[in-house]
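One structure below.
The chains carry the letters A, B and C, assigned in the order they are written, with residues numbered from 1 in each.
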Amino acid sequence: MILKLSFIIFFLNASSLAQTAEEIITKAENAIKGKTAKGFVSMTVKTPDYERTLKMENWWIGNEKALIVIKSPKKEAGNKTLKIGNEMWNYLRNTGTTIKIPPSMMLQSWNGSDFTNDDLVRESNLNEDYFIRLIGSEAVEGNNCWKIELTPKPDAPVVWGKLEYWVSKQEILPVRVNYYDENSKLVRHMLFSENKKFSGRIIPSRWMMINDLKKDHITSFILEDMAFDVVISDNIFSFRELERGD
Amino acid sequence: MEIIRSENLDKIYKDNWVPVQALKNINLTVKKGDYMVIAGPSGSGKTTLLNLLGALDKPTSGKIFFEGADISKKTVKELSGLRLNKLGFIFQAYNLIPVLSAIENIEFSLMLLGKPEALRRKLSLNALRDLGIEELANKRPNEMSGGQQQRVAVARAIVNDPSVVLADEPTANLDTATGSNLLDLMDEMNRSKNITFLFSSHDPQVIERARILIRLRDGQIESVQTK
Amino acid sequence: MTKNLLINLAWRNIWRNKRRSAVVLSSIIVGVAATISMDGLTNGMTYQMLFNQINLGTSHIQIHKTGYTDNRLVKNFIQGELQLKADILRLPGVKAVSERVVTFGLVSSAESSAGIYVYGVDHKAEKRVSAISGLIKEGNYLSGAEREVVVGYELANKLNAGLGNKIILMANDPSGKIHSDVFRISGLFESFSSGFDKSYIFVNSDDLQNMLGLGNSYHELAIIVAEPSLAESLKSEIRSAVGSDFEVKTYRDILPILVMQIDLSRESMWIVNMIIGIALVFGIINVMLMTVIERIREFGVLMAIGFSTGKLFSLILLEALIIGLSGTIIGLVITGLIHIPFSYTGIDFSWFSEGLVSLGVGAVIYPVVSYQTVLLTIIMTPMIAVAGAIYPAIKAIRLQPVAAIRHY
């Protein structure tokens, strides 16, 4: 009976909102990215050997352009990363030099995190690269979620064999993403939690990337202050801005 | 006929930088058919004299004429040729080349002279027969007794029909009977074939057979006896 | 005791002290065997290195746009419209030509990534130029189907990817923009060089040209000629045929370090051979001196009865020469008996060292004996034996017959 009821609820819910899996993903992604965004984020990299925290200020225009400026610790403060399209430059304050990241360095860790340069650069347009399929409902961390499976299109240049994406039904926000290789081995997963309100929008404020191949390698982002859909001058994403020492 | 003649022969050795007068003013003549013995106690210089007369060594001063030619000025190579062609040698012991059989030892100098094989064989066999040791022809020196070895040495010395055969204490390593036999043979060669023999020895058996006996003392001729 | 007096005498003297002669003989045999085997191994190793490099893709002659070797940029391409390949194939002595799109890039799987050289090739032409197709251990070589990639085992292991898995290739196009594309592993190869297996991958040229927007342009023409020795002369012919816009290089120009290494190992062989030779000389001096000292009295008698010093000198050298010659012949025969089967089966050094594989040699070495070395050994070894006898022979002829006879 309960089963039947829940099925009806699910059915109603799905049909009344008339949402396809693609729409759910798009909504969830847009919620945490926005058309434009700027704000302060702290990143904590935890490995068995060390733990360190970077604080940074960043500006995003969708996934097209980004500027990230490191604020602390002191040693790295002033270092910047500029991304335009699928290209990327690093500005090192100490030496005053700008380095274009060559393809060979794209998969190196960005600032010691579990993210690669490529993760930052890639225009991960999920709708374009994946077949998206709703495969069920599941509770994750107390949230009632849609479980969505994303399988890469044959020609899509993505390394993953499969993604599993959980989106909370209530807020339509991402809760968890599992990344599998082609042999269905879990390589890493991402957890979104601690929803907070930033400029009138509720989004998860803690994003954790957990490496499932290397034990205890965790990178977490904490959104300290974010503003979405604000006007950002295009000038910010220029070399002049990049090389302007603060 | 004169074969060897020496004039005022002196030989001085340097023994540990100290000069030793081994021979002093030796004048003697060896004639064809002689059976001459140079005798004297050890250290008297008899072997030194024999070596000089046998072109094995060079005098310090004085002259040696071999068949009329002065050999004291000749080169090592010329002396070697002279020994090969004109002289026969018999030493105390170890006369023979160990890797050669008796007949090969006898043939050896004929080979060095380049004589044809047939002639070599004939002459060597004759020499073996003359010494009564034909049965030893194919034996190696280490298969022979001392006396047999000396007989082969005599055969080798005479096979080439040398002008003179020099024998340096040929009986020194033999027992009396064997020595006597050997000397008898050489005596016989001297008489029947007119081969010239020049001995150095202090063996009484040799001395008593001498037909010319030259006694040396302290490098000088003490006496010359002709029997 | 008939034909040649000296030879006969020398021969018998050698047999006189069998044990001593055997010692000298065996040291010469060992010397000969060592010299030739070392040469065989070194040659085998260096030829294999060179052969492997040529086969793995260096080929005999390569043509690039001028400046490419100094700066391997994607934009230094050769325009396909020029039809260089057809022109070169017409030259006599050219056996095969392959057009290759070459770039540096990055491959990644879900788990790992690696910097690599990507070769975009026409599988039909490339099969005639390089041996990669023959090194496939699992799966198949390129067949011309879309998005195929052939990678080495080492790389596959690093990426934790197997046959049929996808890898993402990322590379710059001529304008510097980064492109990435997905490929599926169709074959896994294993060459003799772990370095190569780790850092080269092969795709169809069409795919790479599409990915990098190169049209029908490419970077490298790899040429195989009928005989490696023809490479140098063909190089100048090709150079005048293609003009100064292109660099023409032979494998000797491309692999200067390897060529130098080969030359160097040849030279170091000389040093080894010299040491063996010197050891032999001293061994022979020693033994011949002993035989001379033992035979002083005998020499005295020989000289007394008219054996000239010249003959004595020759006799002693002859004894050494006979031992030297017999040792050389026996040594050659023994080495031959050992070497010939090994030159077919090869000698497996894998138990001995993993290092050979990373050197690019392969664990199995097929010895190659150069006829120069054999000839040299045949000439030199007896000469060395004779040289070792010179000093003892001089000692012998300096003897005074009188003193020698009286020597006890």
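One rule holds for everything that comes next: contacts are C-beta pairs under 8 Å (C-beta built on N, C-alpha and C of every residue); 3 or more make two chains touch, one makes a residue touch a chain.
As the structure is a prediction and not an experimental result, all values here were calculated from the model.
Asks: For subunit A, which other chain has the most distant CA centre?
Replies: In terms of C-alpha centroids, the chain at the greatest distance from subunit A is B.
Asks: Find me the chain with the mean Cα position closest to the mean of all the protein Cα atoms on display.
Replies: Of the chains present, the most centrally placed is C.
Asks: List the centre-to-centre spacing of subunit B and subunit C in whole Å, with centres computed as mean CA coordinates.
Replies: Centre separation, subunit B to subunit C: 67 Å.
Asks: Please compute the C-alpha centroid of subunit A, do the same for subunit C, then give the distance between them in whole Å.
Replies: 55
Asks: State, to the nearest whole Å, the distance from the C-alpha centre of subunit A to the C-alpha centre of subunit B.
Replies: 119
Asks: Which of the residues in subunit B come into contact with subunit C in the complex?
Replies: Checking each residue of subunit B against subunit C gives 51, 54, 56-57, 76-77, 80-85, 87, 89, 91, 94-101, 104, 107-109, 111-112, 117, 156.
Asks: Within the complex, which stretch of subunit A touches subunit C?
Replies: For this pair, the touching residues of subunit A are 85-87, 102-104, 106-107, 116, 118, 152, 154-161, 179-183, 185, 187, 213.
Asks: What residues of subunit C sit close enough to touch subunit A in their complex?
Replies: 104-106, 108-111, 113, 115, 147, 160-161, 165-172, 177-178, 180-182
Asks: Spell out the part of subunit C that touches subunit B in their complex, as residue ranges.
Replies: 1-2, 5, 9, 12-13, 15-16, 297-298, 301-311, 400-402, 405
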